[in-house]
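In what comes next, chain A is part of two complexes: it sits with chain B in the first one and with chain C in the second one.
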Partner chain A sequence: MDKTTIEQSAKRLSEVQPSLNAVVTFAELPDEISTQGKLAGIPVVLKDNIITNGLRTTASSGILDNYIPVYDSIVAKRLKEAGAVIMAKASMDELGMGGTNRNAFTGPVHNPYDLDRISGGSSGGSAVLVASKAVPLAIGTDTGDSIRKPAAFCGVVGFKPTYGRIPRYGIIPYASSLDTVGTFTRSVKDAALALEVLAGRDDHDMTSSYEEVGEYSELLNDDLKGKKIGILRTVSDEIKNPDIKAAFDQLVDDLKNAGAIVSDLEMDRKLLELIAPVYKTIANAEATANHSNLDGIRFGVRKPGESVEDVMTASRTEGFSSYVRARFVIGSYSLFEENQDRLFRKAQKIRRLISEAYARLFEDQDVVLTIAAPDVAPKIEETSEVRFGIDRFEEEHMQLANFTGYPSIVLPLGLSDGLPFGVELTARPFEEQKLLDTAAGVEKVIDFQGEPTL
Partner chain B sequence: MSKYTPTIGIEIHCELKTNTKMFSSAPVAFGKKANTCTSAVDLGLPGTLPCLNKNAVRLAIKACTGLNCTIDPLVKFDRKNYYYSDLPKGFQITQQFHPIGKDGFVEIETEEGKKKIRIERIHMEEDTAKQFHKESGTYIDFNRAGTPLVEIVSKPDMHTAQEAAAYVEALRQILFYLNVSDVKMEEGSMRCDVNISLSDDPEKLGTKTEIKNLNSIANVQKAVAAEIERQSALLDEGQKVEQATRRYDEPTKTTVLMRKKEGNVDYKYFPEPNIFPIALDPAWIEEIQANMEELPQARKERMISQYKLSDYDAGLLVNDREKADFYEEAMKTARDAKKMANWVIGDISAWLNKNSVALAQSKLTPEAAAELVNVIHDGVISGKQGKEIFEEVMQGKMPREVIKEKGMEQVSDDSALLEMVNSVLDANPQSIEDYKNGKDRAIGFLVGQVMKASKGKANPKKTNEMIRTELTKR
Partner chain C sequence: MDSRLYNKQEKRQDRQPVWKGNLKVEKFSSEYFRKLANDLKFDLSDEEIEALKKDFLAVEKQVELFDTIDTDGVEPMIYPFETPTVFLREDEIVDVLDQDDALSNAADVRMGHVHVPKVVK
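So, the complex of A and B:
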């Protein structure tokens, strides 16, 4: 793991906080730093939807502003057991809903390459703290590219393992069938090491996998010779930014030169165009139920009311942003009995169709590679806080790995006007070793040299 | 007979007898201090996830088998969404779309004989918390939240209050026998909601009302009778029955309005994403079914053939598993099956009722009860003496011990009896004369005299035989 001491990390965190606004809560540091474990003495930051016993956890929502959990998430427990030191809780889009990290109770997070630009979201705080070298490792969650998009915008490695690879017990959910815990690091090797610590079945999460956990970092092999890499052209052909297009074309050539067997893949555009509506329908429906526990009765911020119902209504009305409330309304609408067939159930059917089509791309490939985002991070004022417009599939395509649960990693590819952009690699379920091996090879070929200005 | 045909369907919620909750490792307990048997999962704290209790599934499989349901080998759960302060997650995990059991039945006894009541479905779900509304505010006890339940829904196959009560009783017995549930209606481990509608057209159903939270089988019968009467009266007057939820008011023996139904609530059911469908191993199901406790009906039939009991006696014993268990334990040593049954059903039951003691809490052991039957059967004491020592046996003494203390042993010792017989014969020459003249009843008198002389301790049978032998010698 990248060497950063706890002191260096603590100093850097407070140094960058005024410009990045990435930390929601600073943790009290332990008196003794562990020397035992795979992550001994490594400072880490957790996205603020990851439950930490005794340490405020808000998911960047007003309704949880005062919430101090009474148990540890499996992720926090495993990190502590591996000797890591939790430094802070990082800002996110409220309850994971959003892709900009503008919609956080503590305000927007800024991109360390250009403070006027967004970090991307929803795991924006985690991304920028790794990019600005405050920590070598930050934990995020990825429901629909929430790790990988900010990783691309901030020039770091963003890794979403297979759904079920890391237990979700203690993750404040967004959409349970899509939510995946993952990491931000500055190298593939560090991502591999973190996965060794975090992965593996825990009975608290029935969807967590019994699949054996590998020695991913130990076995990491960056040799690309003979690796079958499929290029998803339907997405990468949509790149408009000439810098990104040039870098991507160069990468494909370099991969061939490194001995990879590269081929072009296409996917039905009609299916790709359905990604965004299907994602929103499923995610909002699951989210509206998942967040029904936030009512101000047993925990969180309680607003006064005449009756129990009034208290719930007042707490929820004031506790959530209007953007989140709108998502709840949309989610509920698609679940109403009279709408469920043509909305929620239909979305699930299309999700299956898209997933089957996506799976076919992998039939003769080790990994599928394409561009992470078609452009660099937009300016904060250029993004609208409430985005219910038409989405372009080249923006949303990384949700394919959430639909299918496939492991997926984003690596920084280059800079355009000093702003990072990235490339995405995806593999079949539980083929993390193959994905990380290939990613390590691609990382070596790219040799990204970006440094934040901050 | 009323001109309206009542149609009755019953929904029963039954708490499963597990050590821990449906989806958490918190203990299941009744009557514990509020909010001591709960966990982060039961409180619906952020980030918690359900972990299915395998034992709850096992018990549900037993319930399905006992109620003749088809078991769905793929267990799936769904979310039922609504906001209420006794529902911590804001949704209940239940089995809306794929209940674990379907298309079952139970048999009940009616005045017209046996009748099958069909069961539409059995599904697993979690219980809610308990609310207490007091002047100072609403209090919530989360001990009950997450307790495993099965909900058993009947088809509308019942038409009288007696049938409704018999159905609940049959279900209660089966679930109790299978150790699926405590089925204590008064403690709420079995809860009963009854739907009733009346119609004068056999082709059509009338508007139904639902009576909620009936806390005893007697009240099921009374409530249904009262509701049939209330609806009949309304219809007789040409009024309409309003669709509503009602409750049974014991003091007035009537049903009273709780709330009107304001259309159907949309619970926005959808599959629970945190529990993948679970394929049940057929071998596991078979193992559960092979090791199931005997069902009440099967036990009754076996007891009739094994102990040669009457249908009626076997029925009385089986109706109360505790008594049937006691009886069978006593029968390991008791030498008269019919008499043993009489004691259990008769004097013992009456004594327990009178003293308000459960059999398990009483000091009477099956061994003592068997000994009581045996000492009478063997002629150690008479039946009448048996009744005299009964009270002390119920206090925990062994019958032989009491007999000894009271000096009650019958004199069966030949030499002592012979002495008494001869002295009675010596004192009654007239009777000897009468006997020899063919007056057989003289024997009765002589036996009576011996009994009197022995203060009742003489064995009457033996005395009779000995007198006859001695008379031939004179």
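So, the complex of A and C:
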């Protein structure tokens, strides 16, 4: 793992906080630093939806502003057991809902390459703290590209493993059929090492997988000779930014020269255009059900009221942002008995059709490669959360890996006007070794040299 | 372990929440959204309701898009994988929180209980 001492990390975290606004809560550091374990002495930041015993966990929502958990998530437990030191909890879009990190209780997170721009979200705080070299490893969650989009915007490696690969016990959920834990690092090798520590079945999470965990970093092999890489052209052909287009074309040539077997792939545009509405229908519906326990009664910020109902209503009205309440309304609407078949169930059926079409791309490929985001991070004041509209599929295509559960990694590719952009590689489920091997080869070919200005 | 496995597909479908609208007001009126929000235990301001009315035009438009896709005979995809990972655990006590911990995040605790405003008046 990239060597940063606890002292260096603590200093850097306080140094960048006034500019990036990425930390929600700083952790009290332990008296003794472990010298045992795969992550001995490694400073780590956790997205603030990851429960940490005794350390405030807010999911960047007002309603959880005072919440101090009394147990550790599996992720926090495994990191501590591996010798890592939790330095801070990182800002996110409230409860994971959003892609800009503007919608956080503590305000927007800033991009270290240009402080006027968004970090991307929802795991924005984690992304910028790795990009600005405050920590070599940050944990995020990815429901619909929430690790990979900010990684692309911030020039770091963002890795969403297979659905169920890392147990989610102790993760404040968003949408349970899509939520996946993953990592931000500055190299593929570090992502591989972190996965070794975090992956593997735990009975506390009944959706976690029994699949064996590999020695991913030990076995990492960056040789691209004979690797079958399919290029998802339907998405990459939509790139308008000339710098990104040129860099992507160059990469494809370089991969061929490195011995990879590259072929072009297409996917039905009609299905791609359905990604965003299907995602929003499923995610909002699952979220509204998941967050019915946030009522200020047993935990969280309680507002006064004459009755239990009044207390809940006041706590939820003040505790959630306007944006999140709107998404709950939309989500619950699609779960009404009279709407369920035409909205929620229909979305679940289309999800299957999209997933089957996506799976067919992998029939003769080791990995599928395409552009991560079609452009660089937008300016903070120019972004607004589209609450429910039809989005461009080249913006939302990374949700394919959430629909299918496939492992997916974003690597920085280059800079356009000094701002990072990235590529996405995806593999079949539980083929993390193959994905990381190819990613390591692609990373070597790209040799990204971006440095944040901060 | 096999004997304890759920039939995942069936069980998970059973668990899908079915919420009744129970709305007797005109669809997409301000009153409609206020009622909808109150069922979810929060309030909406007039501005928030106006914004939602626009959102719902998009929601309904999306239904038209959904309708263009033939899903006859397609099973809903509820989770990414069909491999069973869910089973009934042994009935053994694990992970016990002591009472102080369990109550430590409640805003009002009296005599070892979470205290709320009087329910019966």
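Just so we're on the same page, the second predicted complex is superposed on the first by the 449 of 454 C-alpha atoms of A that agree within 3 Å, B and C clash if a C-alpha of one lies under 4 Å from a C-alpha of the other, contacts with A are read in each partner's own complex, and residues count from 1 in each chain.
As a convention for this text, contacts are C-beta pairs under 8 Å (C-beta built on N, C-alpha and C of every residue); 3 or more make two chains touch, one makes a residue touch a chain.
Just so it is clear, the structure is predicted and the values come from calculations on it, not from any experiment.
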Chain B versus chain C as contact partner of A:397, first or second or both or neither: neither
Partner chain(s) touched by A:352 [first = chain B, second = chain C, both, neither]: second
Contacts of A:293 with chain B and chain C, given as first, second, both or neither: first
Chain B versus chain C as contact partner of A:186, first or second or both or neither: neither
Touched chain A residues, chain B compared with chain C: C
Touched partner set for A:51, first chain B, second chain C, both or neither: first
Touching partner for A:59 - first (chain B), second (chain C), both, neither: first
Chain B versus chain C as contact partner of A:177, first or second or both or neither: both
First, second, both or neither for A:71, with chain B first and chain C second: both
First (chain B), second (chain C), both or neither touched by A:428: neither
Residues of chain A contacting chain B in one complex and chain C in the other: 67, 70-71, 177, 203-204, 206-207, 288-289, 292, 295, 297-299, 308-309, 312, 332, 335-337, 340
Complex contacts: residues of chain A adjacent to chain C: 66-68, 70-71, 163-164, 177, 201, 203-204, 206-210, 270, 273-274, 277, 281, 288-289, 292, 295-302, 305-313, 316-317, 320, 322, 325-326, 328-330, 332-340, 342-343, 345-353, 355, 387-390, 403-405, 429
Residue ranges of chain B touching chain A (in the complex, touch as defined): 40, 43-52, 79, 81, 83, 85, 88-91, 138, 140, 266, 268, 270, 273-276
Partner chain A, residues of chain C touching it in the complex: 16-21, 33, 36-45, 48, 51-52, 55-56, 58-59, 61-63, 65-69, 71, 74-81, 83, 85-87, 89, 95, 97, 101-102, 104-108, 114, 116-117, 119
Chain A - residues contacting chain B, complex: 49-51, 57, 59, 64, 67, 69-71, 73, 168-173, 175-177, 203-207, 285-286, 288-289, 291-295, 297-299, 308-309, 312, 332, 335-337, 340, 344
